[in-house]
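Chain naming follows the written order as A, B, C and D, and within any one chain the residues start at number 1.
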Amino acid sequence: MTELPPPPDIVRSAYAELIVTSLADARHFWVDLLGFVLTEETPAALYLRGYDELTHHNLVLRAGPVAALGCLAYRVRSAADLDRAEAFYRALGCPSDRVRAGVTRGVGEHVRVQDPLGFPVSFFASVTHPQRLQQRYDLRRGAEVARLDHFNLCVPDVTAACRQYASLGFGLSETIEDGQTLYAAWMFRKQTVHDVAFTGGAGPRLHHLGFFAHEAHSVLRLCDILGSRGAQDHIERGPGRHGVSNAFYVYLRDPDGHRVEVYTSDYYTGDPDHPVLRWSVRDPRRRDFWGNAVIPSWYSDASVVLDLDGKVRPVVELAQTAEVSVGADGFTAPASE
Amino acid sequence: MTELPPPPDIVRSAYAELIVTSLADARHFWVDLLGFVLTEETPAALYLRGYDELTHHNLVLRAGPVAALGCLAYRVRSAADLDRAEAFYRALGCPSDRVRAGVTRGVGEHVRVQDPLGFPVSFFASVTHPQRLQQRYDLRRGAEVARLDHFNLCVPDVTAACRQYASLGFGLSETIEDGQTLYAAWMFRKQTVHDVAFTGGAGPRLHHLGFFAHEAHSVLRLCDILGSRGAQDHIERGPGRHGVSNAFYVYLRDPDGHRVEVYTSDYYTGDPDHPVLRWSVRDPRRRDFWGNAVIPSWYSDASVVLDLDGKVRPVVELAQTAEVSVGADGFTAPASE
Amino acid sequence: MTELPPPPDIVRSAYAELIVTSLADARHFWVDLLGFVLTEETPAALYLRGYDELTHHNLVLRAGPVAALGCLAYRVRSAADLDRAEAFYRALGCPSDRVRAGVTRGVGEHVRVQDPLGFPVSFFASVTHPQRLQQRYDLRRGAEVARLDHFNLCVPDVTAACRQYASLGFGLSETIEDGQTLYAAWMFRKQTVHDVAFTGGAGPRLHHLGFFAHEAHSVLRLCDILGSRGAQDHIERGPGRHGVSNAFYVYLRDPDGHRVEVYTSDYYTGDPDHPVLRWSVRDPRRRDFWGNAVIPSWYSDASVVLDLDGKVRPVVELAQTAEVSVGADGFTAPASE
Amino acid sequence: MTELPPPPDIVRSAYAELIVTSLADARHFWVDLLGFVLTEETPAALYLRGYDELTHHNLVLRAGPVAALGCLAYRVRSAADLDRAEAFYRALGCPSDRVRAGVTRGVGEHVRVQDPLGFPVSFFASVTHPQRLQQRYDLRRGAEVARLDHFNLCVPDVTAACRQYASLGFGLSETIEDGQTLYAAWMFRKQTVHDVAFTGGAGPRLHHLGFFAHEAHSVLRLCDILGSRGAQDHIERGPGRHGVSNAFYVYLRDPDGHRVEVYTSDYYTGDPDHPVLRWSVRDPRRRDFWGNAVIPSWYSDASVVLDLDGKVRPVVELAQTAEVSVGADGFTAPASE
């Protein structure tokens, strides 16, 4: 492997853009039911954030013909890191371009790339600070999400994905593995369990976006609200406790099938020698610490991703043993996986 | 003591009527901040209830020139119990009258009495059931109060008050006492710690209305909301854990100074031989299990009460030793008490 | 139907006796993992209670050759109610006997019957009060259960079971039904949603014992503890929110397969006209308000019951349409049901 | 000001050493009541940590003749940072020495300094990882503290202290101030509100050590446990919600009077342009968001600190206006402050 230029100094996963087929339906789900804060809206897009967030948005919902991931956006430390990002990915042979400040509202100039894993990734260094709402308890609704926590991505080769992100300076916090195979991995820049996780599966696809809430009762409350509105079918899996990350979680599907996790209570990973926690793929507690079976759709479904021209990226099948075929999740894996 | 006629079969404390000097201010506090459900309103009154409540209201806020307690209302088992109430209090020499159904919205005919302790007490047997909102989590706001739990009354002679309520068939759950004096007592008809409590003090006055919430985090959330709105001065005492009742509590004062407790997590008292829990007045945990000092105003302030003609009842000074002068509450009692 | 003598005045469901095949294993599960208080033990039995309980026990675990329900025990108001119980069931043609005080530790004389539904039911009027532990937070462990809440029974004919318990003076709080069939019913004496519930199924069998905890986080904590100990297979269903009762729940199976529910946050039912809440069998929220599928074993498995001679009662198949075959629970019912 | 050498790269506040006059009493308080994990003990010291902590200890309790702060210890990124620390403080004219690995159990070589503010500060780069207990919910007790969160220090000149720590690369998250005076400041290296805070007061003294817990109910539980044991006098202030940091808190005093905060739910501060939140000293919500009065001892009491020879450092009086004399905390400041 030839020497790469230095990677950009990535601060954290900052926002994602989802393409939704109905802004009205998406707004009902994300704003009215989940309780996201609407920072700004245009005819084409909604900009949402959590109650603690001091960046303009954690989520862009953009209207489009096909439900897909529009981009994963990382905050970098400085404008110079935009140049570093461009050089880094150019050296990898990845297509990239620049998007000028304000095209995505509330954030500065972006470098966009199609990364070696096939994902549309954006980097930006400057933001507009929205109103601080953290202590406006009177405004909180729904799950009271605080901020974006992480991206979870389906990739055909988890080891390759980890290697790629390690070259960007991400640390490794937890894995699911056995002697032969790395089934899943959690990687971080900010001092939490992850900014990004990789799940073995046909890819590139977005498995889910994870948002942080402060306490478990907010997750329960969200489920209660969905039941109250007859919208309980949005709940796909959970609530439960993850073995990996130790977080309390619930997974929902939005009207376009995009998956969202509300997630609370992981742990500090900022020490330089933070030890990796390696879970056996055969430990039934790895995906749910209480041993509850993973819903089959949770392993099979994910959102397709767009390329820099806005076209859906073709999906490559899983190139390794499927976790679901070896892990003891309490259900028989469908033959097609 | 001559033989009294049989008392009415009282089911529970059901609602109270508070006279407020501004319906607009009261509505802001009780509905907008605390999150009570508004069942019905008229130009003269607001009818509020908790989210679990299946009676038309737990609280009537009625406009009037002087902030006061308008009445304490108990549900009785049947219409025959209205007659029993009338006969019972007549035998005690108490003034009484009948109020026809609908004068207080959503409830049937009332028997009103001025009881031997000087309080305006109403009895009713029939109710209009409002919409069941218990599982409308999407509508819940504020403290998410479930229902009225109890009345707390200031009386000059706690022993006399207990004797009066025992003759009505109330059980005794807890006391604060020493060898000489009964300082406070908690009495019940429904199977909780109390429907009514007596606190030694100048009286007849209403010390507070207690409303039940399901979990402690709802109490914390209420305080957070008050802070968010700059309305933290409504918080008088707490949150904390009571020694007596074991409940988690906060006390607020409404715009007229009426005191309200949001209260969660007491215990079942329905067994026929339910044992009384007797607290020493010298146990610093009796009023706050964590030993936090009671705020002086909590002992001194209370709402005056109206007679059946709507005039403020004169207040009689405490006729026994003041709890505050013997209990170790962490502050020196003002000389006037 | 000929006139029956007056039924005993039942106060509440007070305790159950489970026959377990290993006292050591049962003790590990109920005391070490779940955190029940051990009031007393003999070579043949463990007497357990919750932290709020002021009766000697809520659960007797008795060693025996076959895992089964030994008895359901109701507290009655007075000794005269023991005579009433005897006469009432004798008029129904049910076998009964008396068990003298102290045979079951900590409680007085019992009247035992095999009730018309085939269950072994005991009545007692006097108890020994154990130490009050409610405010010994330093001793609390596991799920921190407060007290027994209810029995849930599998019966082949739910309507017949309801009629039998209505004749005992139980109120009806909630049902699952459609135009043709009553699939399940919740009935109460104390002022909660239930002391006993009936689930349509082969019977007489005990579906589960329900114990009350004060807040949802105690239920989550119990699951976390089970995961910590690698004992997660004891978790059968949940945690989740019930539609019926609105309670937050988890179902566990003990080492003999007896099912236990930890249950929190239901509602007051003590008003004389408390309205019945009727759920459609087709409402997917009736069994889980969040729409999560009911685990098949939850519908199929239950504990057999003993007769008064300690022999296992034969089980009669379900005599009506199975709820699971009409309700939309998100899974296909096995053909055998 | 002459150019300083580059400061060490500080990762976070890692542990503190407290001198206690009775190890037995300290152990009862910190281990039995608060529930800290005992990693190791020697005849002279106890090494404690939280349940999430992967460093050997967060707290050393060392027996000594005078209750005092023994040291504040920061983890640095690498061994080279030890040299940088030594050079940095030598350039400031501060006494320093090296302590070889293992003198403090479980951590590597230390550089010790007496910093310009008069505090004994240690730096270390390597640790022994103890057993990972985060998912041993079965072992958790007391407040279930997860890790050390911060040091809070009394300094006579808050502005000078901030300047000193800014030179070490600390960011500023929140302040209490007015046009004339900086009354208090919160500064961080890890991505939380603080690793260290400065409170205006006679100094150098340790105001408190802050430990992180995951949810508010753990704080309430701790208070309940203290009440259960009759140990409620250890509770000095709270529980409550801080305005500054938005965290839910309680302050306790250990048997030697050292103050400890259990603290939950602050926020992410890792973005490079994280905006400072500036509170007016006149906002009654700054110290308690619910407006509850600060207990006078909380402003006046603090622990003295040792110099590198183990002698108590003399205390310098507050060199600026006292916050308590201008802030509206609901009580009148004693004249001596």
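Everything below uses one rule, namely that contacts are C-beta pairs under 8 Å (C-beta built on N, C-alpha and C of every residue); 3 or more make two chains touch, one makes a residue touch a chain.
These figures come from a predicted structure and were not determined experimentally.
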Centroid comparison with chain D (C-alpha atoms), farthest chain: C
Pair joined by the larger number of C-beta contacts - A-C, B-C: B-C
Averaged-CA centre spacing for the pair chain C and chain A, given as whole angstrom: 43
Centre-of-Cα separation between chain B and chain A, whole angstrom: 50
Distance from chain C to chain B - Cα centre to Cα centre, in angstrom: 34
Touching two or more other chains - residue numbers and ranges from chain B: 135, 215-217, 224, 227, 243, 289
Contact footprint of chain B on chain D as seen in their complex: 216-217, 220, 223-224, 226-227, 230, 232-233, 235, 239, 241, 243, 248, 284-285, 289-292
Chain B residues within the chain A interface of the complex: 135-139, 215, 217, 221, 224-225, 227-229
Of chain B, residues touching chain C in the complex: 11-12, 52, 54-55, 75, 77-78, 126-127, 129, 132, 134-135, 146-147, 190-191, 214-216, 243, 246, 265, 267-268, 270-275, 277, 289
